[in-house]
Amino acid sequence: MTSSAMPPVSPVSEPQAASGAAPGTGPVGTLLTGQPPVTATTGPMIAIDSVSKWYGDFQVLTNCTTAVTKGEVVVVCGPSGSGKSTLIKCVNALEPFQKGQITVDGTKIADRKTNLPKLRSRVGMVFQHFELFPHLSITDNLSLAQRKVLGRGKDEAEAKGLALLERVGLKAHAHKFPGQLSGGQQQRVAIARALAMNPIVMLFDEPTSALDPEMVGEVLDVMVELAREGMTMMVVTHEMGFARKVAHRVIFMDKGEIVEDAQKEEFFGSPRSERAQTFLSRILSH
Amino acid sequence: MNYNWNWGIFFEASPEGTGTYADMLVSGLLWTILTALCAWVVAFTIGSVVGVLRTLPSRAAQAVGNAYVELFRNIPLLVQMFLWYFVLPEVLPESWGTWLKQLPNAPFYTAVVCLGFFTASRVAEQVRAGIQALPRGQRMAGTALGLTTAQTYRYVLLPNAYRIILPPLTSEFLNNLKNTSVALTIGLLELTARARAMQEFSFQVFEAFTAATVIYIVINLLVVTVAGVIERRVAVPGR
Amino acid sequence: MFSNFDFGVILNSWRYLFLDGMTFTLTLTALAAVGGVILGTLIAMMRLSGLPVLPQIAKVYVNFMRSLPLVLVIFWFYFLVPYIGQWIIGAERPIQVGAFSSSLITFTLFEAAYFSEIMRAGIQSIPKGQAAAASALGLTYWQSMANVILPQAFRNMLPVLLTQTIVLFQDTSLVYVLSITDFLGAASKIAQRDGRLVEMYLFAAVVYFTICFIASLLVRRLQRRVAIIR
């Protein structure tokens, strides 16, 4: 997507992440989410503590520990099969894990008493294959969860959806169905759908890897803006350009373990582990 | 062939004294349609529930769903018909059994319940296949948005699954319609039974069966046409 | 609940139930399955032949059979077969046809419509390159069908054909409408004679269930094996 198709981004003061500002200092979720900043919590927004997961005998995650603070953008990378998608799906309990604990905004997700649907409604998620609902129009895709989960009225939900569609440059497509849009357009709708829930954090699971190359840019543009507006984001991606531009931290995973968890400059400057070095040289040489 | 054709037989009075042979067949047709429609409501409802059970993460739910399908698929429909009609009233507490036996139109109700439960096992199989044919991410996307499991099924999975399985559901509906004829064994006066009665009264075997055959073929064509219209109407643009 | 039931009635009549009834049912099933698959394959080949008229005839036959309830078809043939026999051999009057022959003809012709749809899918599932390769080697149409296409189609479709045969096995119970002594017919006759409907019908259900359930488990196992080999 070219920048001309993207409506100008308003009230945010300045791109805070581009300069590598300290995490959590920017304005939080004031623009796209249209919600007052989340009341300050003392702990991190996402805390992943010694999480291990098995499929039968096969261990997919080994003792993963990390945290994402408010307003921080963390990129998770690593070779395929390294467990990065599994880890991000554990954060909103789409995948169960057997050991360890994850808290989101202070709520333990593996706690039986936790109201998972309510928690998930506050955690936006964008999938590799978009996962728009094919039988619903774009408008209805955006309204469904607002109405059924948040209890918003039809008009309110549709107005909210339309405003977000405008943000991602797709207002003219509101009446269409997912099958009538390109991959890049569908993924932008999917981002808008997640934002419509006023999430306090956004998870991206390889949001551009199912896209034709010429469509990657338009999706990344939306994500960059979101990051610059101060959204807390955890992004599984191979797009190192995106990481360089807006990430605060980069996590590198291999074989189910977090091998490296470093500030962006440090990661791109001098990765400590050999595995991360190999990975970087491979991915950057293409 | 030394067979005495008499196509005028349809306009002769039937020995039942309530009209012509044609009237007899029409009343059979109406019972066939009524039974098929009522049984389909039962089959669609139970079949959807059982089909959904088989796709839930809970092992217990899957086991219940699988048991239902195995039970109703592995006993011949005719035997099931006898179980509902002859056996059920005997094994129920006596007062219930008596009530069942005295029920007016018992063959009709029995046929509806029996066909409904039987066809439900086949509908369940289609519903399960339809849900499992959807990308796994659809369920995740619904869940990630905060929809409950019930909401995810109601608003995301089932609307898509039903669209996929519309063609096999149409043929299950037709099977269900044809299967109403099995209920003639418990005394339901549906189309095949009326054609058979006409043959016994009038000895015009081939006229009676030809008429029934033509009627079944016309209903089939009608159902297929209507299903085509529904399919086009619910088709999702862009797919 | 079952205290006043007499399951001894089953013990007393097992020879009749199984030696007469079940033997009839199984023989009818086996012969109709073999006949139905052979005829069904021929119909499928007609349908896919690309020749004039033949595909249309095959299609009309299949759709016609599949539009009718089996009970009606059973009645049709029960009354029609004597006349056809008379016409074929040029007899004076409709010939006598036994219950077994009448049922066998009915089920073979009826199930052929269903088997032909399975075989059609099976033949279509074989890549076009196979027929081309066979022709390139100089095989005639019939040689390539018999040695290359049909064996593969048959193997791919074996689980589906067997599942349809289980359906056929259950469907044979409908000969009840002609008062024939198949397994259910035998059970029903004893039930009426001794006034033991509950016991006999429950027993019939259990027997049918056991046979069909085990058979479908075996088919599923075969299906997995076939899937692995491919």
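Order of writing sets the labels: A, B and C. Residues in every chain begin at 1.
To be clear about the criterion, a contact is a pair of C-beta atoms (placed from the backbone, for glycine too) under 8 Å apart; a residue touches a chain by one contact, two chains touch by 3 or more.
Source: prediction; values computed, not measured.
Colleague: By label order, what chains touch chain B and chain C together?
Modeller: Common neighbours, chain B/chain C: none found.
Colleague: When the mean CA coordinate of each chain is compared with the mean CA coordinate of the whole protein, which chain is closest?
Modeller: B
Colleague: Quick check: how many Å separate the C-alpha centres of chain B and chain C?
Modeller: From the centre of chain B to the centre of chain C is 22 Å.
Colleague: Approximately how many whole Å separate the CA-defined centres of chain A and chain B?
Modeller: 48
Colleague: Compute the distance, rounded to whole Å, between the mean C-alpha positions of chain A and chain C.
Modeller: 57
Colleague: Along chain B, where are the residues that touch chain A in the complex?
Modeller: 135, 137-138, 140-148, 151, 155-156, 159-160, 163, 236-239
Colleague: So in the complex, which bits of chain C are touching chain B?
Modeller: By the definition above, chain C touches chain B via 1-2, 64, 67-72, 75-76, 79-80, 83, 86-87, 93, 170-171, 173-174, 176-177, 184, 188, 197-198, 201-202, 204-205, 208-209, 212-213, 216.
Colleague: Would you tell me which residues of chain B are touching chain C in their complex?
Modeller: 1-3, 70-71, 73-80, 82-83, 86-87, 90-91, 174, 178-182, 184-185, 192, 195-196, 199, 205-206, 209, 212-213, 216-217, 220
Colleague: Any idea which chain A residues touch chain B in the complex?
Modeller: Residue positions touching the partner: 89, 92, 94, 117-125, 127-129, 131-135, 144-145, 148-150, 176-181, 193-194, 197.
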